[in-house]
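Which chain is which? They are A, B, C, D and E, in the order written, and residues in each are numbered from 1.
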Amino acid sequence: MLENLLTHSAFEILTLSDRAAQALAENPWEAAGYTLLALGGTGAFLSLLGMALIYVERKVAAHFQCRLGPMRVGWHGMLQSIADALKLLQKEDIIPEKADKLLFFLAPVFSIIATVLALIIIPMSPSLQVVDLNIGVIFISAVGGFGVLGILLAGWSSNNKWSLLGAMRAGAQFISYEISVTLSLLVITLLAGSLQLSEIVQSQQDGWWIWRGHIVGVVAFFVFIISSTAELNRPPFDLPEAESELTGGFHTEYSGLRFSFFFLAEFINMFIASALGATLFFGGWMPFHIGGFETFNSIMDLIPPGLWFAGKTAFIVFLMMWVRWTFPRLRVDQLMRLEWKFLLPVGFINLFAAATIVLTKLYFFPGQ
Amino acid sequence: MGYIDTKKSTKAKVTTVGNTPINVVIAPRSPSGADSESLLTTIFKSVKSLFVGMKVTIGYLVRPSTVVTQQYPENRETLKMFDRFRGQLRLIKDENNYMNCNGCNFCEIACPNGSIVITDQRNPVNEKLELERFLWRLDSCTFCNACLQACPHDALEWSDGFEAAVYDRRLLVYTLNDYAGPPVKAINRAKKKEDRVEELLATMEPRKQYGGPVPLAGRKMPGVPALETENTKDNASPKHK
Amino acid sequence: MTEKSPQDNKHPEKPAQQPSTPESSAPKPTPPPAPAKPEEQVEKPPQPPELTLKVCAAISECKPYSAASDCPTVEVIPENLVKVLTALRDNQDFAFSMLMDHTAVDRIEDGKFELVYRLYSLTTLSMLLVSTKIPRDKPIIPTVSHLWDIAEWQEREVYDLFGVLYDNHPDLRRVFLEDDWVGFPLRKDYKDDFMLTLDIDSLRE
Amino acid sequence: MGLITEKFPEHIEKMPGGSFMLTRMDQVMNLARSNSLWPLTFGTSCCAIEMMMATGASRHDIARFGAEVARPSPRQADLIIIAGTIVKRMAPRLRTLYEQMAEPRYVIATGACTISGGPFIYNSYTTIRGADEIIPVDVYVPGCPPRPEGLFYGLLTLQRMIKEGETVRKPGIRKKPVFSALPPDISMKEIEEQMKAVLEKDSEVDVEKTRKGLTWPTGI
Amino acid sequence: MAVKISTLEERISVPAEGDNPLNTQEYFINMGPQHPATHGVLRLMLKLDGETVREVIPVLGYIHRGIEKIGEHQTYRQFVHLTDRCDYLSAMMNNWAVSLMVEKAMQTQLNDRIEYIRTIMAELERIQSHMLWWGVLGMDLGAFTPFLYGFRDREMITDIFEETIGCRLTMNYIQPGGLMDDIHPNFVKRVKDVIAYAKPKIDEYEELLSGNVIIQERLRNVGTITAEQATSLGVTGPVLRASGVALDLRRVAPYGAYGQVDFEVAVGSVGDCWDRYWVRVEEIRQSFRIIEQLIDNIPAGKTMLSKPAKKIILPEGSHYAQLETARGILGIYAVSDGKSENPVRIHMRSPNYHNVWSVDAMTRNARIGDLVANISSLDIVVPDIDR
């Protein structure tokens, strides 16, 4: 077992769905167990992760601003998010009289479903991935589009001018920045030669794409970070819910549990974007390897892959928080200009450069 | 549309408004005309400015000593207001609990919004006007200090009780005097002349206070350490006969 | 009772002032009035300031203000108001390019509203008060909102609080109060059941 | 009450040990509520600056109470801190804001203007003499404006009310510990008698009327 | 003459745009009175075409308390405390304006100590006001952290106020004829500490916000008003100076101790949001300069020249005094009948009331985001508009 761990062959992909399929052949009860595990685990993971992220965001923000943040519920306010969640559960659920009730009800559900769908294909460690689709990258893009549908519906169904403005902003912003995200995803797909996330991770055995792909990788990473922040509606691109402009944007009319769905989805989406960035550019759960230095690589392998993944994701999450608590917000036209006049050309040039690099094998450690 | 360098381009010169020469500093603008910078320089400076901003915020994150938060309910024992802090109005009393106020109404007249209501009575012994009840409406007081300024007898002062939140607005009307009766000056004068002192003191009637520096004084609140201060003792019901 | 009483002069700190006290921008103070009765001040008619005389010489419709004022003041009749203000704005000697303030005073004992236009010149840094009186029962005055942009809003405020009607005003409506408010609150005869009065004067005797 | 808890207590109470569970649940729920008071960004005048000082400034940091999540939309807020004078024109808007908030909702009135009209009680033709004429107020924080610590004390007072307050069995009915703030040797009756004498001049603040509940001032 | 009186409803009823189906419909949207960007209770009716603002109609009165009416029933001493509640961020300057008016009318000569302390206090007030504005501007533009930094540094100055006066915001300190209290013994040391602390912080402000390219893009060439427009609109203070008119009453008509100090007036050249932003940041520096020149040589003397029990009755006639607050020129106009303690009419020439209307001229054909930047750069305090 131990010697297995010390070599690369330890990283066998075994997703939860595969295990369920295997088990189904052998023992249907075990299969049911795996299904339940996947479902329940995802649900629990979702809420716990969301609450943890909210807590971390509040604490980090506080310390950026020379204050302490939540202090009074639990040790250093550890249970603050649980208190918030319990309170939101108890809040009265208001549906405005003139709202489109069906769509008003569906919008947060869409939002959270999109989040769950995107979460299941993130490879968190070799053995912790729910489904390993062979079109993973495209799936993520598609599901992200589904999420913005929830926002659009929320804005439309609330029957509130500010909500509608926010939703329209969200739509325009998402569609624009989706192009850039996809372009930067395509760069890695080109380099790795696969759309499957687990294979992309495996392809970084000799080094992460951010430095194996040198210029192309770094540019793609920055394009990805900027445009995925914009997709997430996080500051400095939080125009759809810009507090000082649109009061609450698309979720102005939502209260209680439904609002908490949006709130949760926003934070989980941040995790997903960070996890995707970590997977594509920092090798996901793959330890830090340098092609050819076997001793070094095996020392790195001592750290479990799950930790590697968590660390890298946390880094990108922190980066996003750092940006959020430093920068002011852009204006609508500036946002669009940034995308169409700057990021899009850069993305295209970068894609061509990536293609050239793949053809000429100019990246580091091409042969292995 | 270049980048504005706030440090460099500040220009100082003299202009005139009317005939008065005035030294002015002119706001920096982005370089234009001959000084204009190339696109690459602009992009470089712009991106650099973003990182400079990020450096400022991370500087505070990594230095926990910059946290300036005072944790209020926890630091309640050590929290001290400044000496002149206008917390709550109270009557100055001497060591025997006799007040200086003789009910002269000056503060009531000076009060801009009727937050002080004074009723007087005539003392049966020395037949002088004296304070019957000094009512102070904390719910409408604006802490303008006009009453202290107007008081000719040095009878009022501010205490530092800022904890006065209540559930019922009616509890914010305070009776400031412990007793209705002669002020300390009248008592001293009577003592000096040795003239009917006992009778004079007997005319004092206690006035029950339902307000005070801390309405919840001495009560325990969850999450709040119980408070035993001088104020609470002052607020105890009067010890007069 | 005035502040400038003899006991103030007893203070040893009472200094010979540097020239840069607040009064430096004010018109030259008249000799200190006798402390006892304020009526004595009224008896001395103040000499109109230089600017008033200059303005009256240049624009024939103006005449010096009859009542006491601490600022150069001219008086016009309502019909000449727009003409005078236009002249004051456009005359290069004065160039009153700013309408600093415009408000009204309810002179209920005369049955008049006094409208006050405070002009400020950015070239000579001088201030001029233009005063005009209109009857309380027919408070109509031509607008000056075409001369200064801000006049539109100042006039709206005066309409709101005093009920002065401005002829030719582009959009005369209430500013602070609701459109269906009854009465004009800053008039002296305004009655409101909602309003409470504090009878402090009875305590002052 | 929220989505889940509507039919909840009836089912629980039938279970063995159900009432104990309910009591425990009350405690947990009220603890959660009292520690997650998201205020509405609402401020009209000077007190709003001190409120921002309390909520915003690092020195005081309302985030320690979990209350820094200021919501611009009343739908998501739990607490409305009325900071500043309420005038006739604003009163219907304040009422709307309050009605837009989801239950459970709490109100803190800070500052003299909000509690009684403060400096504008007399001779003002618009100022509402007390925000409690518009919406029910839970906690009054006097001061002009109150110090941030004073506001925190008000928040703690509110937290105490919430913790003693609503139960799962009787949703929406709140116990307000009014009389606990009285010194032991004084009855409410005495206070009322003394108060009436004082407030006779100020006819808008009628003690009898306040007790009956919410009344709208005339002229709105 | 028939004068037409309109209402708000008439104002905002737009006839449906022509028959051309390609014409997009303009619609009115209501911003405020409870809106995070309107600094309290300003209500703006926006005529929007998509994201583009075609017209802004400020609707006021949501905090109109009738201070001028109350003032007719109060003595001048009592009226001072009401001015605190108008522009509460320059409360001390408001007090000073009333005091100046009264002292001018009574021809009271003040000693140097009073003038020095008043000037220092007013400049401290200006600094804290601008610091708060800086933070709020950051928050309006979406950066939350500057808000906290601005408040953190402002707290140091409110400490000074609290130590000397006992209040933090509404102080009622400058009285007709002097000051409420003498300064606290720690005052000079504390002021010096704050200057030493806050000066580097201003540079940090520059790094964090002024130098940030996003802020520059958000503010530059947004909401431009030319000098002619500005004078016609009657704006004063930093808004006017940003348009290039160096009208600063502290310089052109010095009051207090301003005649004895050396400082520069910050002006802009274009009149856009960036100029207004920079003028205020520079004013913080200049205020520090003024304080530094005065703080070491406060002369000795009395701090109250008139007895508080003495009645103030102004001579008959109209009286006016004006000074430069953090937002512009505040004038107090009082008409006295020479008999009573109360004025016949007291009127405040409020800087914010005159500044706020320029928001329409600034925001025509700009975006909603620009509107927020414009409101923020005007630095309005709504209770002072409504009074």
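By definition in this document, a residue touches a chain if its C-beta (ideal position, glycine included) is under 8 Å from a C-beta of that chain, and two chains touch if they have at least 3 such contacts.
These numbers were taken from a predicted model, which means no experiment stands behind them.
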Touching chain A and also chain E, the following chains: B, D
Where chain C and chain D overlap in contact partners, by chain label: B, E
Chain pair with the higher count of C-beta pairs in contact (B-C, B-D): B-D
Longest centre-to-centre distance from chain E, chain (CA-based): A
From chain C, the most remote chain by mean C-alpha position: A
For chain C paired with chain E, centre-to-centre distance based on mean C-alpha positions, whole Å: 22
For chain D paired with chain E, centre-to-centre distance based on mean C-alpha positions, whole Å: 32
Centre-to-centre distance between chain B and chain A (centres being mean Cα positions), rounded to whole Å: 50
Chain D, residues touching no fewer than two other chains: 58-59, 61, 64, 72, 89, 119-126, 144, 147, 201
Touching two or more other chains - residues of chain B: 17-18, 20, 50, 53, 56-57, 67-69, 71, 112-114, 142-143, 223
Chain E: positions in contact with at least two other chains: 35-36, 61, 64, 66, 69, 73, 81-82, 84, 145, 148, 152, 155, 170, 208-209, 212, 214, 245, 247, 252
Full enumeration of touching chain pairs: A-B, A-D, A-E, B-C, B-D, B-E, C-D, C-E, D-E
Residues on chain E engaged by chain D in the complex (per definition of touch): 33-36, 40-41, 61-67, 69-70, 72-73, 81-82, 84-85, 88-89, 132, 135, 147-148, 151-152, 154-155, 158, 168-170, 382-383
Touch list for chain B against partner chain A, complex: 50, 53-54, 56-58, 60-61, 64, 66-69, 71, 223
Interfacial residue positions of chain E with respect to chain B in the complex: 74, 77-78, 81-82, 84, 145, 152, 155, 162-167, 170, 172, 175, 180-181, 184, 204, 206-214, 216, 220, 242, 245-248, 251-252, 263-270, 274-275, 278-279, 282, 286, 308-309
Complex interface listing, chain E residues touching chain C: 1, 3-11, 60-61, 64, 66, 68-69, 73, 100, 102-113, 115, 176-177, 229, 231-234, 245, 247, 252-260, 300-302, 305-306, 310-313, 315-322, 329, 331, 333, 335, 338-339, 344-345, 347, 349, 353-354, 357, 361, 386
Residue ranges of chain B in contact with chain C within the complex: 17-20, 105, 108-109, 113-114
